[in-house]
Amino acid sequence: MNMARETARLFDRMRERRPLVHHITNYVTVNDCANIAICAGAAPVMADATEEMDDMVAIAGALVLNIGTLNERLVSSMLQAGKRANEMDIPVVLDPVGVGATPYRTETAKMLLDKLEVSVLKGNAGEVATLAGSEAKVVGVDSREVSGDLLTICEEYAVLSGCNVAMTGPQDFVSDGTRSYMVENGDDMMEMVSGTGCMASTLVGAMVSGKEDALAETAAALAAFGLAGEHGARSAQGPMSFKTALFDGLQALKVTELAAGARVTRL
Amino acid sequence: MNMARETARLFDRMRERRPLVHHITNYVTVNDCANIAICAGAAPVMADATEEMDDMVAIAGALVLNIGTLNERLVSSMLQAGKRANEMDIPVVLDPVGVGATPYRTETAKMLLDKLEVSVLKGNAGEVATLAGSEAKVVGVDSREVSGDLLTICEEYAVLSGCNVAMTGPQDFVSDGTRSYMVENGDDMMEMVSGTGCMASTLVGAMVSGKEDALAETAAALAAFGLAGEHGARSAQGPMSFKTALFDGLQALKVTELAAGARVTRL
Amino acid sequence: MNMARETARLFDRMRERRPLVHHITNYVTVNDCANIAICAGAAPVMADATEEMDDMVAIAGALVLNIGTLNERLVSSMLQAGKRANEMDIPVVLDPVGVGATPYRTETAKMLLDKLEVSVLKGNAGEVATLAGSEAKVVGVDSREVSGDLLTICEEYAVLSGCNVAMTGPQDFVSDGTRSYMVENGDDMMEMVSGTGCMASTLVGAMVSGKEDALAETAAALAAFGLAGEHGARSAQGPMSFKTALFDGLQALKVTELAAGARVTRL
């Protein structure tokens, strides 16, 4: 299969669906998640009160859980939302932001993975390696430093966790343990903008709402986002004008451009 | 009366007052509300702790309540702030974000409308229609789809609620039940940016702090915002560069441009 | 000592350290704080749950406490984080946003100053004057109006509080009571963007993580930020394009430009 064309097809389908992506996420990058959803062609909703959780999840196409600014109240909401999504067969994406930086984050991510059926676990190399129990060195919530073979860590953790695992970095790896993709789109500038990881999770949520092929949909999300980043980098004067161009670029991204520019490889 | 010139006059007065607009709002678009207030010529404040609510409301020119990301703690704060504002004759604007998406939102909005004297209820067509009990179809918090005659819904709900009602969309309607305005400024691009509805409520708050004519002030807020959007759309490459231009455009908006470009019609 | 060159040297050292700056801050400008840290060459982390506070502080180079949107839960977290930082000799920066607007803010800021060893207290003139007990007139959280001699207020409050005090405005003053600097970089446009004060505190945190000379490091933070503002203003069309250019400008700021353009004077 031509994965670039498949990526373009899956992205186009997502735009046709205009899926509602429900987020329980951090207050640092939440606005970026909302806007990137719109620019992608999806619709965002952010709600975290237990009082409305069952109702809000019920109308969503996907649920994105992001532990960037955790607290007890949010953890309860995430559990409730995740259970509701599982009952209704609504795909759940977990972004374990900063796992490894503190035991609280690590334990919370593991608890969520234990109690919920997570369709896609999406983290950077350090985060995934931490959850996988690798000898990962993680500093803060932004570090991507990790030792070891990334693809192997990704594949093995997909088997152990039972999730589709997406591990982002200069090259992204996506694996369910038996099938794996590498995505090579992107630009270094993306690491200079707070929240690109969170935005990627939003896009994964939008894509896997298709429930066609979560692995290929996840790879397509990362490829489209990376390609928008490549386009954005052309006109950028620095990180913040790049950020503007990234959003604009995703909104303007044509299916034909994706079919030509998506660098998704079956491994 | 020449409504465009009246709009310009009211907007100019607001800039002279530089009103402090107190917000209890959602964490998704709160930064946009702060910056749009500054660009308009007002001053924003965001505070939601009950410990300081009475004091903060007391120094404000208007109070904006936005239920975008509700929780129990915020609801208590909104009630306390609204009562204080009512006691002190400070205008209250309610933006019932996402009403209809979940019963919790609908009940909370109705409770606030019941317990507080709301000067202006500002929502999109779906939100207002939901509160009015019309057969509205609302999907998520962003939908504006609704059936029925919008002006009639707006007028009737103004009578039933006792509020000035502003119903935004491709055309905005503002009514107190007996007097109504239509505002035709704006650009389609505004729907591609998260938070334009919230920003409009901030501007309504800034304007009605004048306590001169809440209905005309509300129409003027929507006209000025829409005209800034029209100006912004000229230079935009996409949703996010449009957003930048929208803020810049509002800050640069001249009284003479508003007098020439405001499309406010008495119905 | 040539303070411009010293400013450049200290800023360069900070970039080499790439310090992790831990924030407990408000939800209005938190994204700006994250991005300005990255643009400066530091790494941001935002976390406010008591469950992870001791662990997160332990890996940080500095702690920034910002009371912009206070509540009881955040106050507990700030106390815990501050005590942990003090134990570990990690510099603490306090930004008393809106002090004077409500007794809750004033009392909370004073309590934090009483219970914690704050390395740098950074506020605008009105905020510092309020804490100093001067006859300051403060309206809302953004006002910088204050009467009296600013340098004297700054110096005296440095003695009384035992902190390094940074008082921002058209001219910034930084003092430990015996030694004082004036920083004259900046652009009027910075007051048209919500959160420039919060961002300055982030930069102060990044700089004082060096633990070389907190006073000179604070002055250097304000000079670098102001110079980035001067550069940004050249290309700005209005407040929001200025904001983009401010971030880009800080990221692009060369050590040689800082050595040439920093306007830091020993008083």
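The first chain written gets the first letter, and so on, giving A, B and C; residue counts start at 1 in each chain.
In this text, contacts are C-beta pairs under 8 Å (C-beta built on N, C-alpha and C of every residue); 3 or more make two chains touch, one makes a residue touch a chain.
Not measured: the values here are computed from a predicted model.
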Taking all residue numbers at the chain A to chain B contact, is the shared part over half or under half, that is, same or different?
different
Specify the angle of rotation obtained when superposing chain A on chain C by their C-alpha atoms, rounded to a multiple of 5 degrees.
120
Taking each chain's mean CA coordinate, chain A and chain B are separated, in whole Å, by 33
Multi-partner residues in chain B (2 or more other chains touched) are 27, 31, 243-244
So in the complex, which bits of chain C are touching chain A?
20, 27, 30-31, 34-35, 38-39, 43-49, 51-52, 55-56, 59, 73, 243-249, 251-252
Chain C contact footprint on chain A (complex, rising order):
26-29, 31-32, 68-72, 98, 101-105, 139-143, 192-195, 237-241, 243-244
